[in-house]
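Please see the structure below; I have some questions.
In order of appearance the chains are A, B and C, and numbering begins at 1 in each one.
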Amino acid sequence: MAVADLVRPSAVTLRQLNSSAAARRARHSTIKIWVGAICAGIVVVPVVLAGVLPLPDPVRGVLKDTSLPPLSPGHLLGTDPNGRDLLSRILHGGQTSLIIGVLAIVLSGLIGVVAGSLAGYYGGWVDVLVSRALEAQMSLPLLLMLLLVVALFGPSITVITLVIAVAQWPEPARLTRALVLVEREKPYVAAAQVLGLRRPSIILRHIIPNILPQVLVVVFLLLAQAVLLESALSFLGAGVQRPYPTWGGIISDGRELFVIGTWWLVTLPGVAIALLVVGVNLLGDGLRDRVRRVKAAT
Amino acid sequence: MSSVVTVDDLVVELMTAGGIIRAVDGVSFRIDPGETVTIIGESGSGKSTTAMALLRLLPDDLAVISGAATVAGQDVVGTRKHLGALRGRAVALIPQDPMTALNPISTVGAQLTEAIRRAHPELDKAAARGRAVELMRQVHIAAPEKRMRSYPHELSGGMLQRMLIAAAIGAEPQLIVADEPTSALDVTVQAGILDLLLELQERTGVAMLLITHDLGVARLMSDRVHVMRQGVFVEEGPVEQVVGHPQHEYTQALLAAIPELGPWHDPEEAEPAPTAPQSTPPGPHLPHDLTPEGSMSAATTGTGGELL
Amino acid sequence: MSAQTTTPLLDVSGLVIEYRRDGESFRAVDDVSFSLARGGCLAIVGESGSGKSTIARALVRLVKPTAGSMTFDGTDLATLSERHLRPVRHRIQMVFQDPYGSLDPHLTAEQVVVEPMAVRGERDAAKRRARAAELLDSVGLPTSALHRKPHEFSGGQRQRIGIARALASDPDLLVLDEATSALDVSVQAQVLAILARLRAERGLTYLFISHNLGVVQAISEEVLVLRAGKVVERGTTQQVLTAPAEPYTRRLRRSALEPGLMTGRKPREVVRAVAAARIAESAEAVTA
């Protein structure tokens, strides 16, 4: 005896709706995505445009402009003892860091997804091999290993990128393997097997598309780590060599001058690194929440 | 005697990522002492949500409940105050999946004892344990002292459900809410659980709110049924009436959709079973001494006796 | 009647499927034999652990039998290598129990149904689309369904897409593994009707796995009762469900609850009367 024509007004108040779990989750992920994008954007956009912006030469300085503080005329962030504009050095140095970072995560993502999928789907000795390699990799002290490789093969962009990629592949690999293990048990995979699809086809066409969003978010989050690693290497002198600017290098060079008051050489590149890392992490976090919710809805 | 449950124009709205969903759109019913009232519906009808709302098991940041409802005389919609006194004491819940309702790292005996102590704080641990064993006997669990030390994963679904029923009756509740209590169980196990619930009702006169999608279960267990669809009751009444003479087209369609089995020859029965008037005409009546040809008589264990 | 016309499409003999776990072996299927004529329907009934789903999975070679033979149209599927199995696979297809997991979530309905054709080498996209539309139509879904993704469909509709997919490779035998068990009763009735119609229209053979006796009676002429991996009873549905010979089958039958049929149970009035009397007694005992 439903009285269908009397549409009852909702008893949900605006306050309840705004404080509901669903609304809060949506809000939090939106906030994270925006704040993260802005923080990262403040750093990334100028860095990407470094080539076209009217910046002084980052490598050749004007000696008479030595150690100028920030907000000096013509030098927004000041200069270093060699008279080189700090803003220019930060932006050009950022290009090196970002290139290395992006290349490294692309590489580690690829290796990780392939290794993780094979380990998760085939199981058996493939899984044993990949899992042990993964664990061995993760148990190595990261920075020391990087230093060793750079000492052996020289601090070029290629070597540094490769080394960071190799250091980072376990994380996407582990996640991929876990996700593949779950997807493998689902009936749609069995259906593909019943159709006669070969295993590589099943992995490529059915499993990976369904796990890719989650894995991509984790790979993105690795960018922060990659940039930090590159900066650490540069700081220790094992990164791309002078006079090319790198964030870690600028900080390292400015270390001793910090105590005599030339604070900007250490602080400002540090702020750039911090903004990028925090931005990437927040953005990645927010994206992960979104991806998870989309997956739950399907 | 006053009703155990009164529900008046209950509305439950869920605030989901996809918008506000009105899962329950104004239902009213009551349950008197000793009665079994069943809410029947298919998936998405709102039947489980109704029960969960009554027990206030829906989080406040998800569900907004309006209307009025009382359980054992206490208001459960307007305030959360009385819930502590009701849950596990005046009201007990038997959930759908017994495996996930129990803590996997604690023995069933420990969990049962804990439930008893919560309902009867005056009992010390030893007394509670003794009562636990006794309750397990009441639900026909063999070797209860031994079973106390088992972990949930070591027991079958039927056994676990009996444990949950033991926990439920241990509090001597006025109302048992059974949310699809046998849906996760094999059909032969289901029979045992339902018989147990009936037996317990006989013994204690507890009232029951049963949620199910299975009209056969409803027919067996209920006094009155409410047929629920998209948040509202479309038909209600005594079970024989609703099942025998459904008025609403939805109920009729529901009954028509159930594949009929019809009567059969059960040598353990005194006479062939009666059928309700609206069932399809039964197949040709087989003589009582028919021996099916070509059937494989593999070794089977005896009937009855073993508990599933 | 010549031998040719009565050769069964599927002849399973002495099927044994064992699993090994932690060094112990467990027989999920223990010496099961049955045969299925072309165009017929055999239901396998049992509870959890009976091995019925394992048999279904073995037939489509998701699981390899430990011993025994499964002769399908003259070829023993049990021992075929993967390479030799591939060309035959399309002739036996499966409909799965879970409508929510049996369709790849990132594919559209069209892509799901078209995949079997692509696997068999059909390259013409227009032909594939036309066939997909035809298949969806045969299960009662409109062409607008083609570009929608699984999460936009209800459980019953998803199951119908699964049936369309199974039919896309033109199989002889359909293995339906609890294909209606996860559906609401009204939806189940629709899907059963579709299955019955398709079988008649296309001359399909069905192996129907279920735990629900009512469904079995509605769709199948023959039934096999399985318990703990062994065959308990076999015969026509009429026979086995109306006059079961074995105690286990009787117990199954007895446990089947129907709204219209109340066997051996006390009417509710009796239950309540007894309860009322007991409560009255204990009330007296307290006050006495």
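Just so we're on the same page, a contact is a pair of C-beta atoms (placed from the backbone, for glycine too) under 8 Å apart; a residue touches a chain by one contact, two chains touch by 3 or more.
Please read these numbers as outputs of a predicted model, since none were measured by experiment.
Using mean Cα coordinates as chain centres, the one most removed from chain A is B. Counting C-beta pairs in contact across B-C and across A-B gives the higher total for B-C. Work out the mean CA point of chain A and of chain C, and you get 48 Å between them. Mean C-alpha positions place chain B and chain C at a centre distance of 27 Å. Centre-to-centre, using mean CA coordinates, chain A is 52 Å away from chain B. For chain A, the set of residues touching two or more other chains reads 297. Taken residue by residue, chain B touches two or more other chains at no position, since every residue touches fewer. Across the interface of their complex, chain B is touched by residues 1-2, 8, 10-13, 16-17, 19-26, 293, 297 of chain A. The touching residues of chain B, when paired with chain A in their complex, are 11, 13, 15-18, 20, 22, 25-26, 59, 61-62, 64, 66, 229-230, 232-235, 248.
Those residues of chain C that touch chain A in the complex are listed here as 57, 60-62, 85-86, 89-90, 93-94, 96-98, 101-106, 115-116, 119, 149-151, 162, 165, 169. Within the complex, the chain B residues that touch chain C are 34-36, 42-43, 186-191, 194, 198, 201-205, 213-220, 222-223, 239, 243-244, 253-269, 273-276, 278-279, 283, 286, 290-303.
Residues of chain C that touch chain B in their complex: 47-48, 155, 184-189, 192, 211-215, 217-218, 227, 230-235, 238-248, 250-266, 268, 271-272, 274-276, 278-279.
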